[in-house]
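In what comes next, chain A is part of two complexes: it sits with chain B in the first one and with chain C in the second one.
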Partner chain A sequence: MINKGQLTLYIFLAPVLLWLLLLIVIPHIDLFIISLQIEDDMGDMVWSLDNYRAFFDEQIYWLTFVRTAIYAILTTILTFLITFPVAFYITKVMSFKYSGFFTILLLVPFWVSEMVRIYGWMILLRESGVFNHFLLQIGLIEVPIEMLYNDISMVMGLVYTSMLFMVVPLMSSLEGLDDSLIEAAYDLGASKLVIFSKIVIPYILPGITSGAIVVFMLTLGNYLTPNLMGGKNSLWFTEQIYNQFIASFNWNQGAAFGFLLLVLSTLIIWLGLKLTRQNLSKALA
Partner chain B sequence: MKITGIITAIFLALGPASISADTLKLLTWKGYAPKPLVDKFEEQTGIKVELTYSNNEEMIAKLRATRGSGFDLAQPSQDRISSVQAKYNIYQPMDYSRIKTDQIVASMLKAVQNNTEVNGESYAAPFCYGTSGLVVNKRFAPNANDYDALMDTNYKGRISYRLKRPTLIALAFAKGDDPFAKYANEAAYSDLMEGIGDDLINAKHLVKNYWANGDALLELMRNNEVHVAMAWDNGGWKLHEQNPDIDFVAPKSGALGWIDTFAIPSKAKNVDAAYQWINFMLEPENAAYFTNQEKYGTASKGADQFLDPTIAGNFSRSFTQADIDNINWYPPVPARLESIEGKILDKVKAAN
Partner chain C sequence: MSFDLEVDNLVRDFASFRAVDDVSFQVEKGSFFSILGPSGCGKTTLLRMIAGFLEPDDGDIRIRGESVLGVPPNLRPVNLIFQHLSLFPMMDVNENIAFGLKRRKLQSAQIKHKVASILERVGLPEYGEKKISQLSGGQKQRVAIARALVLEPSILLLDEPLGALDLKLREQMKIELKKLQQDVGTTFVYITHDQSEALVMSDQVAVMNRGAFEQVDTPKGLYAHPKSGFVADFIGENNAYAARVESADPFRVRFDQELVFEGRAMHDLTVGDQCQLFIRPESVVINPAPDEQLNRFQVQVKNVLFDGANTKLLATIADTGLEIMTALPQDKRFDHVSAGDKLEVGVFQDSCICFR
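Then we have the complex of A and B:
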């Protein structure tokens, strides 16, 4: 007999479990089955591992994945480097009166969709755009420079779109850091560098880890930014999945790529956690 | 209990309204359903039109994913119907007795019927036609008159095209080959396209970007950021109105001719509305409005008398009689060519 408390629990849990089962588990099983099939010469579906083999045999596929992963890791590191000073300043240096206001300022750009923000950047950076116009006006350059459609602008766009997801966990862990620890370190004659590396960083490491995981996954799975800002050289792994599904009508290959993305990105995160001696439950707590 | 009551009331209030309202779900290209025509149709018939913008590949993928449901009418190109239909069965046979065929140009209707035939049934009616060729800014690129201008070092950094199958096909024609004749021979076609892919990789440093959005390309050309592009004729003509230097050029090796159609998905809910929309859009006056606005050619027979004089002017400026005879019309695409092309296009995009 289930008691009343348990019944309530199950009732509240049911939507979550249904969501997980119907929208995540079952489609993935279906995708997995599709990924293990290929079309033979007669047009019939047969079981095969060819879709997975194609990923490792064709240089272009795994190279694209490696490229995507490296850029995602780079983006994660850059995002941390840029957002850490901001988070530290808002939580530790700024007076409490203003910190709320500045937090809102950080959030405001994220009230519009990623698409709009990216187009905003494109208006700024394009050859006939705002930056070029400004530089021409003050006489720094004589002919406009194309600032879009290269890897630098792409990484910049990726960093920009994922900043919020790093800054929030950093701020919440910094808020937990007692100021007196830093003051005590100063009293005992520690240099800024030592305080930073021996006190601040170890304390907020779980925050960094959770921010890094989110940023890494979002960047790896991004489609819009590499496509719009990266332009002609920016084949991203997600785009390859899209191409398999949409342009080549090869759902089986696309499904295999989707699974490989899932497995390989999980592997990268696992490695990252091992290397930094973190564990997932602590990072997400 | 109170909350349940409120929720039930909301569902009762919203439910029937959203179910009973007569809607037409149209899967189409941008620009194919101008707002004034949609308003006019809604007023005349009381049917609400829901628009989803797409392209050939996505239309097929969407309908394949739902096995032909979710939309009442789609507008794929005529060459992308028969093999897809034979394989995935996503459309239903067109009932030509329900279409006012006397308002459609007879030769075009016949061509579309032939090209979309699967097992004795045809699956589409023509809506509009046009060509792909070059859109050129003649002030900067006066000599660009064939597709090989897309790989010309003179226009370095000022070139743009779509990384899609028409580009491969166009460049094959520019090389003097005939890709359509090789459609039936998979190996020969694959060889030809591999060669084109290598050419594209070698000439990649000349390209500014691969455009994906027509409006974005027009913007690039308007700002003189791109001087030579492969694009649809209507885009070139639209730009010509704003800047006479820019115009559509029918390439020497032949513009690529396409016809976009109406096709009804196999599990369409509101087939009546679909036929009503087809007949409405091909009414001479409405078809002429569409053409005047979007510059695509129309399949409607009586539309000529309502067309702006500039429309005929556009056509005669870009096409001599020889150019017209030279147009390469897309034959139906056999299955499996897409995956050959897909891999080559991926390689081009990934190359440095």
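Then we have the complex of A and C:
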């Protein structure tokens, strides 16, 4: 017999479990099966590992992946470097009166969809855009410069779209850091640099980890920003997957790439956690 | 006489509010000095100025004869025990204590030796490897003190460190802290709102009110010879009444129309002046001998407030609405006293003290 408490639990859990099962587990199982099949000469589906082999055989595929992973790591690091001072200033330096207002200011841009935000950047950066117009007007340049469609503009766009996901966990960890810990370290003879490296950073490490994981995963799986701001030379691994599914209509190959992305990104995160001697449950607690 | 800490005419304002108002005092080398006051009296501000977290608007602070104005906290020869101790949760006990020593670039063998010997001294020799979260309240207390004392500061500042402990542990830590201070001989400056902490541990106590010192004295002196109504009221328990001076010699005051007591004027008071009359609960004698010279009056018992050796009697003074609290000695003589009884009581003239 199921008692009343358990029944309530199951009722509340049901939507979550259904969601996981129907939208995550079943499609993934299906994708996994597809990824292990290829079409033979007769047009029949047969089991094979060729889809996975293609990833390692064709340089372009795995080089794209390596490129994507390196840029995702770079984006994560840059996002941390940019958002940490902001989070620290809002939570620790600014008076309590204004910190709420500034937190909202940070959130406001994210009420607009990513697409609109990226187009915003394009309006600013393109050849006939605001920056070029301004630079031409003041006579600093004579012909407009193309600022879009390169790796720098792409990373900038990725950092911009990721900032919120880093700043929120950083701020919540920093809020948990009692000011008197900083004062105690100062009182015991620590310089400002030592306070940051020995007290603040170790204390908020779980926040950094969870922010970094989210930013890394979102960046790795981002399609829009690399596509719009990166241009033709900035291949992103998600574009490879998209190409297989939509352009080549090779679902089997696309599914294999999707699985490889999942496995390899999980591997990178596991490696990152090992290197910083963190564990996942602590970071997400 | 040499002083570890000298404070001259210290002033600190927060916007239009004067938190510390012209405070001067000296602390003798090796003594236990307490600053006692209600919350919001400016004692924390004063302490933070000594530690270096706040700069005074006026006045001077000298530690062992040298002015420390403008010296940041990490370079001052003082250490502070924070109210909530502020041990670093991501480090173990050893690392916490070694933190300050490492900042001084000591050799690791030396650090190890010093940490071990200070842990021994505070009675936690086996605790070096423990995490902070594994310690009890009293152990955290001792680690916090060890972390500061290992740096051999000229002065150790303590900001109500016992406030978070439960009563039993607090009583125990009071005695331990006093012993430790005598043992190491470091000058302690202790701030608290708990008078019993200040009275039990200190050599000298400064009573602070509204940013200024009311009186600096030994604990006994504060209790026996308060110099202001605030001190009389704040230190120990006291019955306080509004009164008017009836005659100057002998000094008599009248209160609640009917009652005239002979007493002691602590301020300049002339006939007709308003004043405050204080009577300590333990100075009230129940059923006094008939030939003794004292202010006698009748009371009706309202309640016996039993608290072991601290048992009190709450009574109303006959024919008035005034309440008086008296001590009720637990020596069997007054076991029969209960609510509703009428008693004759008396107070010695010397124990009736009056302030403006």
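Descriptive notes on the structure:
Just so it is clear, the second predicted complex is superposed on the first by the 285 of 285 C-alpha atoms of A that agree within 3 Å, B and C clash if a C-alpha of one lies under 4 Å from a C-alpha of the other, contacts with A are read in each partner's own complex, and residues count from 1 in each chain.
Criterion: a contact is a pair of C-beta atoms (placed from the backbone, for glycine too) under 8 Å apart; a residue touches a chain by one contact, two chains touch by 3 or more.
The structure displayed is predicted, hence computed values, not measured ones.
Contact with neither chain B nor chain C is seen for A:Lys92 once the two complexes are overlaid on the shared chain.
In the superposed model, A:Leu63 lies in contact with chain B only, and not with chain C.
In the superposition on chain A, contact is made by A:Asp178 with chain C only, not with chain B.
Residue contacts after overlaying the shared chain place A:Ile246 against chain B, while chain C stays out of touching range.
Comparing chain B with chain C, more residues of chain A are touched by B. In the superposition on chain A, no contact is made by A:His28 with either chain B or chain C. In the superposed model, A:Ser191 makes contact with chain C only, not with chain B.
In the superposition on chain A, A:Leu235 contacts chain B only, with no contact to chain C. Only residues 178, 180-181, 183-191, 194, 198-199, 202-203, 205 of chain A touch chain C when the two sit together in their complex.
Chain A makes touch with chain B in their complex at residues 43, 58, 60, 63-64, 126-128, 146, 148-149, 227, 231-233, 235, 239-240, 243-250.
Looking at the complex, you find that chain C touches chain A at residues 51-53, 72-75, 79-80, 82-84, 86-90, 99-100, 103-104, 147-148, 151. On the chain B side of its complex with chain A, the touching residues are 57-58, 60-61, 64, 87, 157, 164, 204, 207-210, 212, 223-225, 335, 338-339, 341-343, 345-347, 349-350, 352.
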